[in-house]
Structures are given as structure tokens and as C-alpha cells.
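Next, two complexes with subunit A in common: one pairs it with subunit B, the other with subunit C.
Moving on to the complex of A and B:
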């Protein structure tokens, strides 16, 4: 039975591993050969990681029922509030 | 005894690599599954790349070009081993040939790596760095076929047929090494058979060469592409 192997590649020493794609192979040895051919033979990779897709724990649901946007990296939008504050202070930039 | 010329040493090897590459490329688009199609086509391309590098080295010595050596000789002048000439569109036979060829090639390349001619030793070492992956590929398929009764039976039948051809890839003094390595890896005896020697030509070689040169022959001699 064939398995899907997710392939990660590092472009050069020090760079992060990034998802490159996948290969379908019956076992790890076949996966290694196929990943070398498809993601390594043009000198585009310094290293590869092979991960059986089954070994990947996926999280694809992120609940935010109460709109706690201050917890997110983009945070509050302060544009409007800043504008109001500037108007109150009489320092609206020209 | 004088050292053999580069042409004598390398032309049989170059012809083997070109023709085995061509035969392997016949699986492009029709290999058993898509990932294998990509991998086997890539191996075919590598072999043809090795042929090009070898022809260039020989062409320098003979005052000709790699293209002329690859495409313009008469079928009878090709020095490739009969093993690579055979057309076998059966996957077990293809893997059997792949195993026989790569094992024999490793022995021959090892010997060339210690050649007194630095250009020959250098090219052998460069070729070997790619052949490592061809051997890994052959090895994984060998294990795969050996793992089932049907796979093993088909592989063994193909090995029985192709073994005398496998012997013909190497010079007589290198054959015991091939025999030893294969029997150890295959855990089986190989038939006692006379080698099919280099210099003989299988009928399907002429067809291959006809097809391989069809575009080149369609243009006047000396055409620039």
C-alpha cells in the first residue's frame, strides 16, 4: 500500500525547513529515492525531511467566539481611536 | 604493453551508458506509477549525461565530436554490451537488467577510478557519485520484488535469461567479482552459462539506432541545431 510522504526542504544551511510538496511511495526507501529525484537533484536543496502524512497532527479549527482580537498579532485597529484622540487634542496632522 | 587508448577504454562504456539510458527512457510515461516514472526517467537522463561526458573525452582524442560518436556511426561499430541492446518492456526484466548492469558498472567504474590517466580516473569518480543513487534505486526494487512470491518468481526468471548478458558487460578478469557480488546479494545460484560477449549485436539494436538518429538524419550532414 502506498503512503503519502510530506517533503520539507532546506534551501541552504541556516535556512528554515519549508514544505516543498509530497511524494507517494510504498515505503521509506522508495520515498527517499523519489524525494531526492523530485526535490534535490537540481541542487535546490541542502537537506530534506520526509514525514509520513499519517504522522502529521493537523489543527485546522481556531475558535474565537468572543472576538478576543487583542490576543492576535494584528491586535486592535487603533486608527479610528487615534484619529478621535488627535481631534480632541487639536493635533490633527495636516 | 602500452596503455590502451582512451577510446579503447571509454568507448564501450560510453556506448553502454547511451544505450541503457535510451532503453530506460522507453519507460517514460508508462512506468508502473507516476513517482517511478519521474525517478526512472531521471536515471535514464543521468546515463545519457554520462555518455555525453565520456564521448567528449574520447572525441578530443579522436579529433571528432561527441554527437558524431553518439549518432553517426554504423550500427556494427557500436561497442555496447548486448545486455543494454535488448528491448524488454517487462518491469521485472527491466529491474533484473538494472541490477545486473549497475552491479557490473560499479565494478568497472571502481577499476577506472584508479586509472593512471587522470582524466579517466576523474570522470570515473564523477560518474560514480551519481551511480550511487542508481544502485540505491536498483537495490530498493530488488528488495521489493523479492518480498513477494510473484515478484521473486518473475525476477528469477528474468535473471536466468539475462545473466549471460550481464557477464558480457565486463572484461573476463572482472567477471568472478560480478558473480560473487550477485550471488551473495541474491542468495541464489546463477546459471552456468557462456557470456554473451561485447561485439555481438542484437537485432533490436538496429531498430533503436534507427529511431535514435531519425531527427539527426532528417537534416543534411553538418546541420547546426
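Moving on to the complex of A and C:
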């Protein structure tokens, strides 16, 4: 019985682990051989992580139920009010 | 078309991407699976014409480079079959369909490699034509495929250079060596012109509608001609097409390939189709015990 192993790789020291792809293997030993061969053969990785696909918990929905835009830059629009403030102060750039 | 499919299509057409676990219409899954499977088959079958020359490579350095390229291509097949498996078709089923002639692989791998000149022309021009299609696939709507294409394109870059190096060595060699290249080019030109497929307009091509492909066939061929014909000419080589010329508007004119013949070739009636499939069948039988041993041992 073969398992899918997700492969993550670090391109160079200090870089984050990034998902690279996957291999199918009957056990960890074979997963390691295939991952080395397919994702590390050309010196493109300095470390690999192997994770059985079943062990990955995925979250892919992020609902903004309470409209929390005030916590982000796109929650602020100052252009109009800045214009108004400048007009009041008589400092409109000329 | 049902609402869900219409929404999916709108998502794609506004540049949206699809991941493995996302819902997708059956037609999209089917077309995508068939396309990636053919790509995987082509990588796997594509090593056979070059394999014939590992033992006959002219120098040790060439032998090593050729072996490395072949290793890369088998690796690409592995990566691509993984994409197909995640779409729902097991690798074993892909390999069975391939050796039984139920699925296809690229036209250029249905021809024999007669001389070392062929190896140079394949590594340079066939790979150049392939890279044009592959680069366009970086924009595929199916993100796992596009990500794998990034890795594949990165590895392919050395292949073209290797091919060019082989060609340059031959054209700066003896008259006999130059003729070897010209003779190989004469035989490979037609398959090269067929490589990107018939000139179906992008807006009639369902593969473009689903954003599996992002480039029309003719656009790819024109890009190939624009990029490589001048490179062929500057080496003093002749392209075997009397009609070939670049018009003032930058469009290349050429003799229309016989598209029925292309269909016949990719359906398994090319000059080397039967031999290549027989070889693949044989190696599948011969290495079957390895898979059985591995799976039994680990169970």
C-alpha cells in the first residue's frame, strides 16, 4: 500500500520551507529516496521535509464575519479627507 | 451549462487558479488529465530516441551530459504522473494505456534517431520548440501543474545549451560532420513544423477556453520560427522548405504540414512508434518484479 508524501524544501539557509510537490512511496525510506532524487538532485535544496498527506490539516476558508477591515491598510481611505483638510488649512499644493 | 460550471469558468477567465482539492467540472478534469498525461507520456517516451545514443556518444563528456538529460526527463515524467494521479488517474493505469496504445505522446518521439546529428537537432530544436509550449504552461489555470512546470523549465534550460553545443561542435568540424547536421535537420524539419499542432484559433480551442493552455498553436509555431530560423541560418545551414520566409509584418510563411499525417503519426503509425512502444512494454514487464518486491517488502 503506497502513501502520498508531501515534499517541502528549503532553497538555501535561512529561506522558509516551501511546498515543492509530492511523491508516492510505500514507506518513509522510499519516500526519502524519491524526494532526494526528484527535489534535491541538482543541489536546488538544502533541506527537505516529508509529511504524509493524511497528516496535513488544511484550512482554506477565511470568512471576515465582523468586517475587521480596520485592522488592515485597505480599511482606511484618507484621500478625500486629506484634500478637505488641506483646503481648510489653505495649504493645497499648488 | 449549469450555474456552478459557469461560475467556475468565469473564475478561470478572470485569471483565477484551481487547486487539487477544489471542485472542478468533469470536462475540465477530463481535458486536464488527458493533457498532463500526454505530457508525462512524452517525457517518458522522449528519452528513448536519446537512449539509443548513450552507448554511441562520441566522447565521455557527451555521454555524461546525455545521461544527465535523460535522467532529468524521466524525472519530469515522475513529477507529471504525480499531477495526473492527484487528478484521479493512477500511474499504473497511465502506463497500461500508454503501452496498449490507448493514450498519446508527442509526434517528435515517433521518429528514429539515425545519427549523432539527430541527437544534436533534438536537444537543440525539439527542446526549443518544447520550451515554448512549456513556458506558456506556467500560466495554466491548474496551479499544481503550473508549479511543476516552473521546476521543469528550470531544468530544461541546460538541455538547449547542451544541444547547441553539440551542433556548434559539428558545424565547426569536418565537411562530413556538417553534412550530418544538415541531413538530420532535413529529416526533422517536418516533425518540428507539426510539433505545435494545427493552427486552430485560440477562441475556438477549448483548451484555451479552460485556460489549460494560454497560447494558440500558431502563436507558438511563429515564436519558434522567429527565434530559431535565424539561428539555423547563421550557421550556414539550410531549412528544407522553399516557401519559408519572413513577411514584412513579421509573420513567417511556410509550407503547410500535412495535418492528417500528424494525426496518423501520433496515433501510433509513425516510423518508430511500434518499436518504441514495444521497448516500453518490454521494460514494463522486465521491471515489474521490482515494484512487486518493493510493495511486498514494505507491507
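Brief remarks follow.
By our rule, the second predicted complex is superposed on the first by the 72 of 94 C-alpha atoms of A that agree within 3 Å, B and C clash if a C-alpha of one lies under 4 Å from a C-alpha of the other, contacts with A are read in each partner's own complex, and residues count from 1 in each chain.
Heads up, the rule we're going with is that contacts are C-beta pairs under 8 Å (C-beta built on N, C-alpha and C of every residue); 3 or more make two chains touch, one makes a residue touch a chain.
Here the structure is a predicted model, which is why all the values come from computation and not from measurement.
When the two complexes are overlaid on their common chain A, residue A:80 makes contact with neither subunit B nor subunit C.
Within the superposed three-chain model, A:26 lies in touch with subunit B and with subunit C [touch as defined at top]. Of the two partner chains placed by superposition, A:54 touches none, neither subunit B nor subunit C. In the superposed model, A:36 lies in contact with subunit B only, and not with subunit C. Residue contacts after overlaying the shared chain place A:65 against neither subunit B nor subunit C. Among subunit B and subunit C, the chain that touches a larger number of residues in subunit A is C. For the contact definition in use here, the residues of subunit A common to its subunit B contact set and its subunit C contact set are 2, 23-24, 26, 29-30, 34, 37-38, 41. Contact residues on subunit C toward subunit A in their complex (touch as defined above): 21, 71, 75, 78-79, 82, 85-86, 91, 144, 147-148, 151, 154-155, 294-295, 297-299.
Within the complex formed with subunit C, the residues of subunit A that make contact are 1-2, 4, 20-24, 26-27, 29-30, 34, 37-38, 41-42, 44, 58, 60.
Interface of subunit B with subunit A (complex): residues 33-36, 38-39, 42, 133, 136-137, 140, 143-144.
By the touch criterion stated above, subunit A contacts subunit B in their complex at residues 2, 23-26, 29-30, 32-34, 36-38, 41.
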